[in-house]
Structure formats: C-alpha cells, structure tokens
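Right after this note come the structures.
Common to both upcoming complexes is subunit A, partnered first by subunit B, then by subunit C.
What follows is the complex of A and B.
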C-alpha cells in the first residue's frame, strides 16, 4: 500500500464514522462537530483525486463558512442538552428500509457497471486553479453569472426572511 | 489488483454511504438543523461522485475539469442554501420558540 492508499483509507474510515455520528448522535451539537470531520474527509478525498482547488474550496466554504452557520444555529436553539432530538416515537422502520434499499441498489449498480477506466488517477502535480479559472470565464461564463445572480437573490431573500416584521411587533405591542 | 486510491468503486461506494447517511439524518432527525446537516451530507456525496468520475475519465488530463466545475457549483449552491436555511430557522424559532419540524405545520401563522 502506498502513502496515498493509506491516506484514502484513513479518510474513508473517518468519513464513514463521522457521517454515522451526524445521522445518529442524540446531541445535535456533537452531530454538528462530527459533520466537520465528515466534510474534512471529503476534502481529503478531493485532494487524493487531484482536485486541489476543490479541496481548498471545500475547506474554506464548508468547514469555514457553512459549519460556522450551522453551529450558530445550533447554539441559538435552546434546549440543546435538555431534550433528545432523536426521539421520534420509534419511527425508524421507514427510513431504515428506504436507506437499505437505496444502499443495496447503488452498490449493485456500482458493482455491475463496466466502468471504462478504473486503473489510475491522473494525479499530476500541476495545479487545477488556472484551468478552472479559464473554464469559469470561458465555456461556463453564463453559468457563473447565473450562480452569481442566484447567490445575490438568495442572500437578499435570507435578509428579508430573517428580518423582524413590523406588523408582528405592532401585534405584540397591542 | 490496483491500490485503494486508484479504484473508482471505492469512491463511488463511499459516496453512496455518505448519501445514505444523509437520507437517514434527514428522515430521522427531529430538528430542522439536523435535516439541514443531512442535506449537506447528500450534496457532498454528489459532489464527490462528480470529482471521482472526472478523475477516472477517459479524457482525464490537467485541463479537462468539467466534474470539478460541477462540484464547485454544488458548493456554491450549498452556501446559498445555508444562508436561506439559517434565515428560515431564525424566523421559525422567533415564531414558535422551538425548531421541531413537526410543530411547523400551518402555512400562514
């Protein structure tokens, strides 16, 4: 086993364990912290697949941004420690059945499909930043602009939704 | 038998496992933030698939990066989703004083 094999194996084990904790840990704060490790393992797999820019973007946007937002929302919600968040009255039969069916079907498809080339990853030492930048202003320029518009409208919508509404204040004052 | 890191099915199986845990978190959590974390896991699984297919593609060379672009857009959309989801969580918490999704059942409160 080479060094990359050991790295991928470690990332896989860390990712699976932390993803299981995200799904099943009764404390939502611990689940959010284990989501950090799950996203870190995905970033490590990006690195092992030769996607250096995506690994950095994953670290910055997910681990640095989205996790902070999630942790803020978790801290803001009261009774983190008082109630268990997983007590849904034993309604586990449908989710587990559905997940097992999906996992079984996906693994059957993965095993049955003759993948065209499964020998080696193009793990060259050149960076992908220049190619991604050229693609974003070349063939993907329209998509890039569209995503920018979606980001702007999403942020404006988030501000509008989260802002306290005035008529509710009047109702509360009356 | 090639190594672990050079096997496409390893990445696809990992992605399937991430996706299934995301579905489980989305279906079993009694908390809007828990659902949201499950959605993040599923988005990550899809993005990992794109990058794996790109790396093992027949045309893989240093400037053929369409899978990377797709994953980048997935990350951007996840960031937008995080902002909107936090705003909705804030509103629901301000109105209901809890964030149990089963308590938010009426449309116009």
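What follows is the complex of A and C.
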C-alpha cells in the first residue's frame, strides 16, 4: 500500500463520515460545517488522483463560495438548534421506500455498467493546468462561452434583485 | 528546479552527520520550522513593530519597558495570551467556537508552503501554486464567519457577516490582478514566475515593470489584499468604534491569539505573494546572487546553495518588510471606509479596471510577443536590452 493509497483511503473515510453527518445531524449549522469537511475530502481525492487544478478549483468554488452562501442561508433560517431529523412525525415511510427503490436501481446500474479500466489516473502528478486550458479554448470553446453567459446572466439578475428601487418611490411621491 | 524544504534539510543532515533519516520526518520538521520558527515569531515581531509605528505616527513613545526599546514586548504579550483565562460564553456553539480559529490559522499559515523564498528551497513546488494560495485563503473567510456566529453575540455576528461579504467580494479583484501576472509569465507555478523575472540577458525585468497594465494591477492587488486581511481602511469586520472588536469580541486567551496571529500571518503572506508575483522575489536588479562563490565546504557538500539560500531569503524578506511597513503606514494614516463605499470601490472600480487591465495585458503579450516595456523601448531606441 503506497502513501497515495493510504491518503486516498483516509480522504474517502473522512468524506463518507462527514457526508453522513451532513445528512443526519439534527443541527443544520453543524451539518453545514460537516459539509466543509466533505468537500475538503473530495478536494483531497482529486489531489491524490493527480487532478491538481480540479482540487484547487473545488476548494475555491465550493469551500470558499458555495459554503459561505449555504452558511448565510442556514443562519437566516429558523430553528437551527431545535429542528430534529424525525420531526415531521411518521411522514417518512413514502420517502424511505422511494429512496430504497432508487438505491436498488442505482446499484443495479452501477453493477451492470462496464466501467472502462484504463490507466488515466495521473500517478506521476504532472500538472493538468495546460491540458485543461487548451481543452477549454479548443474543443469545448462553445460550452465555455455558454457557461460564461449563464454566469453573467446570474450576476446581472442578482444586481437587478439587489439594487435599490428609488425610481418607484419618486414616481409614487410625484 | 528547487528542492522542497524537507529534501534540503535531508541533504545537509545526511552530509554532515551521515544519518539516513526518512524524508517524511523532514516534511513534518519543515512544517514545524515554518510555523514555529517563522510565522509565529514574525507575527509577534509584527505586533511590536506595529505598536512602535503607531506610536511614531501619533507622536508617542510606544512600548518601552520590556527590554531595550521595549523589544521583548511581544514575548510579554504572548505569555499574557497563554496565561489568560480561556472563556467561552454560555450560549456559544462550542464545537464551532473551537473550530473557527483553527480554520483561520490553517488558511493563512498553509499558504506559506507555496512561497518561493529562494531559488533552491520552497515548501511545496506546485504547478498550481498561485491558484492554491487563493484557494486556501477561502478558509479564512469561513473561519471568520463561523467564529462570529458561534460566539452568540450581535456585534460578533455583524462583524463576521461584514468580513465574509468583504473577503468574498475582494477575492475577485485579487484573482484578476494575479491572473494578469499569470498571463505575463505563462505559468501558475510560483517558482517559475519568480525565476523568469531575473535581470540576466534575455530575461525581462520584474513583472511590475513588464507593462503598464501589470503596474496598475499591482496597486489593485495591494488594495484588494488590504481588504482581504481586514486591515484599515477596510477593517470593517472589527470596527472598534461600532462593533466592540467585531468577529473576535468573545474570543480570549490563545483563541484570540490565533486570530491575531492569523491576521499578521495574512499580511505577511499577501506581501510575500506580492513580492513573488510583482516585485521579482529573491532577485536583485543588475546583480545575480547565484554568482556569489565563497568556496566554503562541509564534507563533500558545497555550502554555496546554503549561502545563496540565506541571501535570497534575506532579499525576499526585505521586500516583504517594505510592503508590511506600507500596510501599517496606511493603517495609521487613513480613516475607515463605510460599508457602501467599500462595496462601491470593489465592484464599481477595482473589478472593471482590473478586467480591462487583464485584457490589455493579454493584448500586450500578443502584440509585442511577450516583450517587456524596457525591451520594447530598447528596440525602439536601437539598444539591445
């Protein structure tokens, strides 16, 4: 067992435990905090498999951006410290059956899919920055531009929602 | 290529004593060296210098009782922090309250691994160095927000929310300014970025003088870095006149100590990045440190790399010291901005100017095929630069 394997195993265990905490912790703020560790372990896995750029992107986007937004949302919600996992008394039979069916179906699919077992794993830990950059402006240029437009429209939407509505007040006053 | 600090230590220990110790041991040792012997004393000395400078700016004497010129004041402060009663307020969320200072410290100290202090030694030579430093910085905003929330205090919470909003916003101009350097040097590897800034033949001068747009982006970087460290004029998260002490109001003892250390570590770290990216790192103008040869040896190992490393680190830290001084100078000179002014500055001025500069810097690289200002000027005047 090499050092990389031990690291991958540790990250996987940390990811599973913190993901379980996210799902089952009665305190939603603590659940959000365990989500940090879940995402950190995913970043660690990317790093161990040689996807260095993806690991840093995972940190900067999910840990630095998404988690902050989630924390803000959690802090604005009610009953952070009192909500319990089984609070919606008895109404968990249907979701439970549904998720069992989904789990069964997914595991069937996973078992039946012939997974490609190529050695694409980057064990020499060479950088992936250059190939990602070339792919983004080469074969995936259109997708890249499309994502940029989606993000820009999101940004403009946020500005429209957040800007002060002085004009309407002036009209009402006049 | 540079060695990691662990390999460097291993090499010299093996040559001097003949022991073959596992490299992982030196990895741990180098982490301890960086944190205990570098970041913590430097943070402590910074608090002393800050007090002395503040005193100078306000025409006072400043700390003068502990040791000559009060120079051991920071030891006294450290002892005080260790011995202080460690209080946690009754309604605090203990788990998060304990976790938050650790996140802040991990974020700001972890980034030191990527700083190339000399040509031979670097903590970790990552290809995505700059990007990873930015990524680690995001842990700091989380630590501030969580610490503020968990202390169950309105002032803390207001400070924490301001801090998170401010850091998340100013990360954008910071990243844009850094990207313009990445465009100019064609790499995200901190070591390579510094290495190409040498003053040797064919290599261009420091990145800040590469073209006018990078020069402007340096100032954008500096303003954004000030905001990222929560320093005046952007110290809204801990605005004393409004919020008691902001996000760290409820923290005492070593937990507060970690926040204070992380603040100074952040200042030093951002100054280090500025030095490496814009100010030529360990390079001196018109002089190559690698050319020094004193011919000293220990056993079979030449001492030259060690001497060069020490000189280069000194040069690097001298540049960092100048930047840290400017940060402190600004703190004791400028008043604090309002929240709306802070956000205006970021979104209406720094980001558009930064983007324009990034675009124009890329255009410069394309038009002049990577030549620097001096080289272009030289070829116009018919002198070979």
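By definition in this document, the second predicted complex is superposed on the first by the 147 of 174 C-alpha atoms of A that agree within 3 Å, B and C clash if a C-alpha of one lies under 4 Å from a C-alpha of the other, contacts with A are read in each partner's own complex, and residues count from 1 in each chain.
Methods note: a contact is a pair of C-beta atoms (placed from the backbone, for glycine too) under 8 Å apart; a residue touches a chain by one contact, two chains touch by 3 or more.
These numbers were taken from a predicted model, which means no experiment stands behind them.
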| item | value |
| --- | --- |
| Combined model on subunit A where subunit B meets subunit C, clash or fit | fit |
| Partner chain(s) touched by A:65 [first = subunit B, second = subunit C, both, neither] | both |
| First, second, both or neither for A:147, with subunit B first and subunit C second | first |
| When both partners are placed on the shared chain, which of subunit B and subunit C touches more of subunit A | B |
| Which of subunit B and subunit C A:53 touches, first, second, both or neither | both |
| Touched partner set for A:95, first subunit B, second subunit C, both or neither | first |
| Smallest separation of CA atoms, subunit C relative to subunit B, angstrom | 12 |
| Residues of subunit A contacting subunit B in one complex and subunit C in the other | 53, 57, 65, 72, 126 |
| Residues of subunit B touching subunit A in the complex | 2-14, 16-25, 27-31, 33-34, 36-38, 40-41, 44, 47-48, 51-52, 54-58, 60-63, 65-66, 68-69, 71-73, 75-84, 86-91, 93-94, 97-99 |
| Complex contacts: residues of subunit A adjacent to subunit C | 29-30, 33, 36, 52-53, 56-57, 59-60, 63-65, 67-68, 71-72, 75, 126-127, 129 |
| Subunit B-touching residues of subunit A, taken from the complex the two chains share | 1-2, 4-5, 7-9, 12, 15-16, 19-20, 22-24, 28, 31-32, 35, 38-39, 42, 45-46, 48-51, 53-54, 57-58, 61-62, 65-66, 69-70, 72-74, 76-79, 85-88, 91-92, 94-96, 98-99, 102-103, 106-107, 110-111, 115-124, 126, 128, 131-132, 134-136, 140, 143, 147, 150-151, 154-155, 157-159, 161-162, 164 |
| Touching residues (chain side subunit C, partner subunit A) in the complex | 93, 95-96, 99, 126-128, 131-132, 134-139, 141-142, 145-146, 149, 161, 164, 168, 171, 188 |
